[in-house]
């Protein structure tokens, strides 16, 4: 089995997780074996991930030259998001987060490195308990963290000063697609006048949405929710939901801190090849 | 060990669950062995449950005579709640519920018995997954049911026409104490103009709250949420939250269908001995 | 044809309009010919009108003695509503109203009689244009009136200081059943912090709703909306909608000025025979 | 000048301040010189204060016997309000208050006496700076207090867990008349899900409002706001505003802790002579 | 009479309806007879229609060459709007619309052509009943449609998943001017989290609004509302209202799907000659 | 002492007030004595004022040539703001304003000059009573004005059709930093659907905020609030607060009338040197 095929299999089997990690792996794969067939195969592995498609679009013309630039983009991007986001965290604050986002983790750790004294409230994030990963990682980094069941999110938010979350995709309407529960919590944060930032690489923007195409919301196997789910019980296991731009203070990306509707313009200006 | 002590142990060990079941068991215990000491012991087993305290208050003067009346009260009450509540369910409706409430179960089954065609959306209700019990029981009764993770509650509610939930206690301010998440979902239901009913025996009313006493919100062991919870991670495992009367359409009890602030007056009128 | 039958026919043919007029006519009919059969027949003519049912309940035991008392009740009631309501109208105010309510008319005329200088904004109230009747009657009484199409109601309300409307029924949940559009306008009034009063005889209260029974919302013939309605077009011609108590400042009845949840208690206290 | 006349003058000249102090003084005056003329004179000194009118109503039949009972009522009432209210204050809380209310002061001091550790955010309350009196008195009682200008009230509330305020009058609609700014702050508190309690003697209830009479909102001299107010500048110096019952969690009175619409019923039941 | 004059008369007499049809006719007229006088005359026929003014601006320099391009613009634009909009409609959806918009019609028909199974709820849209035209046209195209009186709009929206409407003008503030009722319904849709799209050619944008100029809201003859309107009754017959950008998910134009504030930037970029 | 130093002292001692006046003075100072040291000194006098920093950035390369252009910028800007803003004021309107803004003053006076008949409601704006300056200046200009204490702002707004305010800084998130109270009043204005405009020179935009930097909110001496503030009383005297873009209809600047998120893009386009 070729190295290209190994990467493809790892992406398909979700051994590689996180939209950016998948995009990076695909870039490396294209550097090994380019061509329209490779491109189609890689896209087919995660048909709903804009970061994957955008990275391939950027690289496919000349993978040898563009591949390293793409990898550098992701590296730089994370550093900038961490820097800009860390400035939002002040001493004494409590930060709320839902699910697990590598960008949010980078922001929180950078703030800690800069000496900010703050604590984090997180949800456990059913069904896959990504909140446990968040809690463990923060605790390991010396950041005080308190975990709540998801239905305790309102109480956790009432006790917080800031809400940070990641993104799986961003549409031309300024909507952010992220873990189920994000919209519910962002609406509650808005009611409490709590600033709400989406921390993400800007390549999550999906340029096709300008033509009316919708991000599909993946419906996953009910067994993920209840292994021994009895016959007759139906389970609606939606992985994501759409967050309205009205309840997002700003998107923190490598392009800076911009409200969603400004972000859309900035990403088009910065990367005209995105289409 | 006396039969009285056996009942006490079962209450303490949570072998007997549900506020009404506990109250019934305490009534039976007092019929076996009355006296101030028995009263104090029984109350001490669940110091925050008004139904237990009210039942003891009703019975303790003359357990032989009043005990059977108390047990009859609970039996009749459930039947009336089922009858009144079932009238709220119409063909084609989707009913949302959170956690597991025997009163809500009685309402849904009665509606099914009357031939209503409806379906139910429920949450799984972490950390103890009482929603699974709800889903299983409804499915067993031939009622179509779809389960969501708790953070999918907003989406489940948007797709529902009615929200039914139970109660652990009701205060003089018209607040209902119920499973964590109930207030969050009731606020969302109100935003969507979805009628929201609390189905409960009226003995859940706590007469001491009129003097400013607050229902304590039990904070349970973090291990219930995460068995292998790592050191350094703090878990806030609140069992309940307070639901404001403004987001409750009415309380359906054996006294009829009343908005929370009317319910308070009706329960005082019906049971003057409640204090 | 007997005089009893003449009245029945007039009620059935909607020659007699308005819930109170119907109730008064039924009282007179019972005074002519009492008995269980007469009672059943009269109720069957308008099965969803509590005022009719309550009046019959009050009278049926002894129509000769109770009939005149019932008629007096309605007379006195209107006078008191007019008096209490008129006190809410101050010089310089603009009052918004929807549809045509004899109680609201009485209030406005009484305020005019007392020398208040105010103007009225009303809707035309499709499909039956009862707003035209309102506008004509007010203009005839020397009260300046401006009429808007129904979809201009938001603009009319923004320009108003008070919203007055009538009632067809009141439930144990404190909901008022009134002309379609009333809930939409009452929610807008609440957003603008505009006081909203329901002016009505208290016999509109439906005592059966305490047992979970719902007021049926009459769906009328589509031809009322579009005489030459083409094949294939469906028309949903709902006559009424339910107004939540949260958006009603108070109900002005012969019993005084009470928030909906207080009104319910007062009406039960004043008329224990209501059940 | 008779002692009766001295009291009258002191009330008129605002040497006696606070609705309850005025009521107490009037009771003492009536004990000195009763009769319809005395009654009319005393009421005329503060025509818009229900506590004064209710106290006179209670006493006037037999001042010798009823006067001491009235004075005792006020004494007992304050103690009970302090007791019930203090139970709402928990360690670590921040309490927001506006203006200066003797009932609120009693609650805060009682909580301090019971060992509660809390702090207070207060406004300065223009134009008469009653907030300074509040701040000084609390600081003197050893309670940490932070004062904000009135336009900083939103920020002060966001940082608070509880909002306590007094009352000048309560209407049959459940509205509380209190210092201008109270409604604005109570709406903000509701948005933040902050419990909001009105602490007051129940004799502030105005029984005439059931007949549609409105509490007049006193408009005071503009010089109170700007001593050297230049010609051409108009000043709208409203002393009070009406707080909707929807944004008040409960009224804490000597009758207990009741939502406004329940309070109205309880006060009528407790004092049937109120009318 | 010249052909130019014939077109002018038809525009003036409203024989030509709809902002785009008027703009197209004006383009044709200019192709027949150009010059400053012709331009001024055409603009004077509909002084408040940006599409007319923008089309003339585009064409007037060289009508022979630019005229056909303008006509092509409108043709292409409608096709693109239909394509982008149709992608928003999914099987099982109910779409709400108000008034009659040719762009919305194109979207709905395109969705039907693509095999989408959906139904439409529409208002009758007083005073001119354009909703009847909408209902008839949709029914003719085989799309199930249900019509409501305007005051039933809230109920129709609660039962819908999407709200589509047209535009008469768009301002630099992102406000859309459209049929009276649109703002009221868009606010209700926002409360229910229902996506709300304005479907329109981008030439409806009015570049003069950037300098603070306001779109005039035409007040039409009261007779349109009530033919036999009696003396003394005033009728406020406003044709349009302004919809705030906060309640519009996106504008679907030939430029793609953009939130209102992004749309404004995109239209300036695409058509720099717009000024 | 050099003239440069005199200007520096005047800025430091707040003899020169208002962000634009300070910027103008700094430009003049740089024209007298340029160089990195002068630049650093001038910025250090008001480290949180973007207008000062932006003006210095514009001028510092060649003060002789650029200085006059900067001064001209401010002159032209005020005239354009006045012109664009005045078009928003219609006969019969009431305009609400808070604090004192030279841009708002210019708009109101221009509207008066154009013959508009309107009146103004203003707050007194504690602690420095800038509202008195506003009231006096407007009254002097023949514009009817009514002043309210700050806590009467809700009532003043309910009686107004438009809310105009100034700006101290504008961030990349579209937030406007302005006098404390502005956010509270802007939220109330939004609830009442009252258009809310920020009138300001666009050089108040802070380009550093795109990198996550926050505008510091100055906390001033408590003595400003209470001269004889007693020991033990803490005073939180925040000068400003952040207004969310969602509650601002548009920013009226020399660049035209733009919603905050569009304004940000326009200012970057117009002044690319801003960074």
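Every chain is named by a letter (A, B, C, D, E and F) in the order it is written, and numbering of its residues begins at 1.
Everything below uses one rule, namely that contacts are C-beta pairs under 8 Å (C-beta built on N, C-alpha and C of every residue); 3 or more make two chains touch, one makes a residue touch a chain.
Source: prediction; values computed, not measured.
Peer 1: What's the overlap between the neighbours of chain A and those of chain D?
Peer 2: B, F
Peer 1: For the chain pairs B-C and C-E, which is connected through the larger number of C-beta pairs in contact?
Peer 2: C-E
Peer 1: Taking each chain's centre as its mean C-alpha position, how far apart are chain C and chain F in Å?
Peer 2: Here the centre of chain F sits 53 Å away from the centre of chain C.
Peer 1: Roughly how far is chain C from chain D, going centre to centre by Cα mean, in whole Å?
Peer 2: 38
Peer 1: Residues of chain D that contact two or more other chains, please.
Peer 2: Residues 193, 246, 261, 265 of chain D touch two or more partner chains.
Peer 1: If we use the touch criterion from the header, which chain pairs count as touching?
Peer 2: Once each pair is checked, the touching ones are A-B, A-D, A-E, A-F, B-C, B-D, B-E, C-D, C-E, C-F, D-F, E-F.
Peer 1: Along chain A, where are the residues that touch chain D in the complex?
Peer 2: For chain A paired with chain D, touching residues are 158, 191-193.
Peer 1: Quick check on the complex: what are the chain E residues that touch chain A?
Peer 2: Within the complex, chain E contacts chain A at residues 83-88, 193, 246, 249-250, 252, 256-259, 261-262, 265.
Peer 1: Applying the document's contact rule, which stretches of chain C touch chain B when the two form their complex?
Peer 2: My answer: residues 172-174, 209-214, 244-246, 261, 264-265.
Peer 1: Can you tell me which positions in chain E touch chain C when the two form their complex?
Peer 2: These residues of chain E touch chain C: 98, 121, 123-127, 132, 135-136, 139-140, 144-156, 179-181, 183-185, 187-188, 222, 225-226, 230-238, 241.
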